[in-house]
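Presented below is the structure to which this report refers.
A, B, C and D label the chains in the order they appear, each numbered from 1.
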Amino acid sequence: MAHLGVIISMLVIFGGLAWLLFRSIKGREVERRVIFVFIFVAVAAPILFPITFEEHASPVVKGLFDHIDTLPPGSRVLISFDYDPAMAPEVQPMANAISFHCLDRGHKVVFMSLWATGQTLLFNTLEDVIRPEFPDLIDGVDFISTGYKAGNEGVLNVIVSDFKKMFPTDVNGVPLDSVPIFDEINSCADFDLIVALGGGRPGPKEWVLFVGDPADVPIGVGVAAVVAPQLYPYYPRQIIGMLGGVKGAAEYESELAHRHERFKNMAQPGLKMMGPQTLAHIVIICFIVIGNVAFFRSRRRKGN
Amino acid sequence: MSLPLAATHPRLSVHLFFPIIVIVLTTCSSAFGQSDTQLDTTVVDDTVSIAAAPVTTLLVEDGKYDDGDSLRLFWVPSIDDQLIDSKVTGYRVYRLVNDGAAEPIVDLLPGVGNYTDKNVELDSSYVYYVATLTESGEYPSIHTESISPQREWINFRRGYLFIIMMIISAAIIFYVETAKRGKKLFVRKIAGLEAIDEAVGRATEMGRPVLFIPGISDMDDVQTLAALTILGRVSRTIADYDSKIFMPVSRSLVMTAARETIKTSYQAAGRPDAYNDDMVNYVTDEQFGYVAAVDGLMVREKPATVFLLGAFFAESLILAETGNSIGAIQIAGTARPAQLPFFIAACDFTLIGEELFAASAYLSGEPRMLGSLKGQDVGKAIAMITILLGVVAVTLSEAWGVGIMTDLHAWLVKVFSSS
Amino acid sequence: MRQQIPLLITFIVGTLLIVSVFIPPFGDLETTFNIWFDIIAVFAFFLGGGNLLRVHINKLRKRKRDWGFSIVTILGFSVMLIAGLFKIGNPGDIASAVDAPGSLFYDIFNSVQYPLSATMYSLLAFFVASASYRAFRAKNREATLLLIAAFIILLGRTPFGVMLTGWIPDSTSLLQIPNLAIWIMNSPNLAGQRAIMIGIGLGVISMSLRLILGIERSYLGGDK
Amino acid sequence: MEHFALWLSAFLTLGILSFLYKDNPWYKLSEAIFVGISAGFWVVTLFWDNLVGKFWDGWQDEPMLFVGAALGFLMLLRLVPKIGWISRWPLAFIVGATSGLWLMNYLASNIMVQVMATIQPLFSTGYASGFDAGWGAIISSLVIVVGTFTGLVYFFFSKEHKGAFGGAARVGIFFIMITFGASFGYTVMSRMSLLIGRMDFLLGDWLGMIG
């Protein structure tokens, strides 16, 4: 049923576009209401019948993916949830995909947050997303959450040289000294990778300036789309990879499903959200092409 | 609680003493270095060593260039405040107002060495001390001497800002005066403004009205003021041509001001009887409610000419596309960079940023007004020269370490950061 | 006189606010002005709201086109006014926030004003498409650049952006469309934005000076 | 009640969308409701926030607030034709204050900050890795400087765009056009998410068609 829906809506959209292209070669303009119908269908169809497009990881996304993929199992990764519910639609899919990837590769993951609002999101992610997917992993051995600490950049300034000074215990009050993951972690420099998720302040930029650069730790980031261009200058020297907006999350999910059998059928919220976006973008691109075809035809006709 | 360790453990005292001496030396020199400017500075030296050492060299000074509403504290963090295996969990600042009881005002992270107290009043005196926090307790420092915040009358830190403002303003006023004395000044053509007469004329010919939208901001936005000054010129033309204008607005104040403006133009055109308050109507303050109403008006009244001038937000494209769909000539302009692309895409003429503010001067054709445009260009020239000079200086300084260029760059940074 | 006093007020107030930036004890003037402005705006609202009612009552009385909808507007206005001013259905007493959950005001906002506002906003999705179709045509050099920049950015947001140029070696990876898109945002786009912003800054200064000095007075009493 | 609110929201949502086809009574109804309700919303909000919150609750501590109220009252004199001209005084006050505030704010935020931000070395240096003179970085920095510079040339009013100056202005407008194209393209995604939000409401919350 859903497949039929997909096929029909694709036929309607691309058949229609082809017909409009044909008409415009004859020099006829498209009425605006026709364009509206196409946008309506392009957005509604993927919502009704989940249409996803396979994303191909761009180099900047691949940079982070490959790094996580090639680190030897047992490597230590720090993931920081520095975002709030408003940013969550864009950033949460990244948080899920990156956490899955790290834990599946057998890395030891430490979760933390610089945002008070990130603490709840972090808790929900661990309980609702990570535990069901990895029921066998043990808290404290395979992963741990140290929760939120107030102090913004100040926190970074401290943990760059002494992690336990800022976080003496995990989120449940267990002293980190008794936690196996922290046997060999004293400071941020002992991590093999730090992933900063967010887009506000403090966020990825602060992680780069206060931790990544001074301690020489590879930093990967996942940010909301609006801030992505501002962070690009740090790539590839100070940031090994970046996921920008839902698109970045979708690319990561795609790559994950593509390269790891286990995630073939996992939920892909990013890709799902990209469905209507991609289709709408394609429709607009096609209309720009059609518009130019019509324009050149009519100009040639006037020229004659 | 605070046992003097040095007395009971002679060997430990050696360890503790060395860093203390260094700190005292460095802080003393810095205190002397600043003493000529900081008359209110109080120096407190604390060299007693205890379980977790208190902070040393606690200084308090008046916040500079303020209305007497801030005091700044500096101290050297406890020597036990170390990066690894530190005993110190933070600092707590205490304050005694007018010799009253001490009360904690803020807790700070380890490693912090300063705090600005912005909750002070002119006529009160304040004494502070800082306690080092550890798991086992607090270790207070010695009190500062009593200090009262001072009010400064002139903010010298903004001196360069003042100079830049004066240069640009003086340039504008200079050219205004020059033009007033009859010197002819050249101003290039601005296509969108050249088109106004024609656009109003077209409305007259077609017997359809002109629609004027002054943005959705209130009178506390200069873009709205710019829109109203343009309205002054446009409504004059409309009065001359005997066209019709209607103007739905989303702010009551703008309604009042726009009525005043149009009325004046009609009087100036010698047709006060043709003016009517119903030309300007208030709709609603709600952004999209206003847009819904204006869209409806557009398709029902079918204006021949639409002006979209002022502060626009997301609604820019909704209005411009609807205006386009009814075949109106559209002249748009805004100083909100994010909305300009949409006007460029959907309107016939777009005034880009600065051109919006230049429009009324340009339209008036009055020499004094045109003079102000030339004055603006002086500002542009200054910005351009600064950019060129700065880029050359910083490049030469960073790439080849040219000393004089480093100085030049440092000076430019100082001047242009004085805001 | 009627001309001179307003011009004098503008001059004095404008100068005062400029100078206040350099005189710390005057630092609060901006806040003071903003509060006064808000209070003036409420008074002005009597004029605006009164005007809205007058227009629709007139329409109703004269049975102008679409007068029926004027009834709806007047009704909506009154209902909201009564619900909000008397805080109908508010949990707690009159001291509770006007938009406290559970109040009639809150409910109307959520089930009427919010969907209307969000839908009006979402029309942009359609207009973005129709504007792209019409405006992005290679009519001349300027329009072509507009077209190319928009096209690359749009392509960069679809999987095709990566697919089309994935073969380009990493040594010239800048030419891959997703990278190119970000480069455009960071370099030429940034430059253009800066020029526009500096220009706007100068425009504002010149405009403000003309108003403060009374050279520009078309808004309150014309040229003469 | 919940059910009614849902259907009402859907009815109004479709009413606004119907405008895309053409103006019609359904849209007119939605528009009339929108204008009435939202105008009422703002009267109420301004009344409680500004009149009560800022003036009524504040005048004991800050008697100067009466000056604001007096200016507001002068505004109302418009309703009295004979002395209506006095309402220009509060307007003049607002115009003066707005001009003064914006002059200083824009000098600082738009001119000084932007000029400062443009002064960057052509060869970028990184925090950790030191000197870097890659061609890509140099071209990018050059593009930013040239673009800002020529863009400003375009805005020159008092010099005719001819010769070399005209050429620079032309380059400037090229940059500005790229800026507009890029920002336009970049915004499409956020505009689409708005529509996706409404579709989710219609197809999901209202019709329950999303699994």
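A few remarks follow.
Here is the rule we use: contacts are C-beta pairs under 8 Å (C-beta built on N, C-alpha and C of every residue); 3 or more make two chains touch, one makes a residue touch a chain.
These numbers were taken from a predicted model, which means no experiment stands behind them.
When every chain is represented by the mean of its C-alpha atoms, the one lying closest to the mean of all protein C-alpha atoms is D. Inter-chain contacts peak for the pair C-D. As a whole-number value, the distance joining the C-alpha centres of chain A and chain D reads 29 Å.
Separating the centre of chain B from that of chain C, both taken as means of CA atoms, is a distance of 18 Å. Note on chain placement: the centre of chain C and the centre of chain D lie 4 Å apart, centres being C-alpha means. A straight line joining the Cα centres of chain A and chain B is 34 Å long. Shared interface positions of chain A, i.e. residues touching 2 or more other chains, are given as 32, 36, 39, 43, 233, 247, 277, 280-281, 284. Within chain B, residues 161, 165, 168, 219-220, 222, 225, 253, 256-257, 260, 283-284, 286, 288-289, 292, 337, 340, 342, 344-345, 352-355, 358, 373, 376, 379-380, 383 each touch two or more of the remaining chains.
Residues of chain D in contact with at least two other chains: 16, 19-20, 28, 30-31, 34-35, 37-39, 41-42, 46, 75, 78, 88, 91, 94-95, 97-99, 101-104, 106-107, 109, 111, 115, 118, 145, 148-149, 152, 155, 176-177, 179-181, 183-184, 187-189, 192, 195. Residues 20-21, 124, 126-129, 132, 188-190, 192-193, 195-196, 199-200, 203-204, 209-210 of chain D touch chain A in their complex.
On the chain D side of its complex with chain C, the touching residues are 5-6, 8-10, 12-13, 16-17, 19-20, 28-51, 54-55, 58, 64-65, 67-69, 71-73, 75-76, 78-79, 85, 88-104, 106-107, 109-111, 114-115, 117-118, 136, 140, 143-152, 154-155, 172-189, 191-192, 194-195, 197-198, 201.
Within the complex, the chain C residues that touch chain A are 125-126, 128-130, 132-134, 136-139, 147, 150-151, 154-155, 157-163, 166, 170, 173, 176, 178-179, 182, 185-186. Every residue of chain C that touches chain D in the complex is listed here, in rising order: 2, 5-7, 9-18, 21, 30, 32-33, 35-47, 49, 52, 66, 69-70, 72-81, 83-85, 98, 105, 107-126, 128, 132, 136, 141-143, 145-154, 157, 174, 183-202, 204-205, 207-209, 211-212, 219-221.
The residues of chain A lying in touch with chain C in their complex are 30, 32, 35-36, 38-40, 43, 53-60, 228-229, 232-233, 247, 251, 277-278, 280-285, 287-288, 290-292, 295-296.
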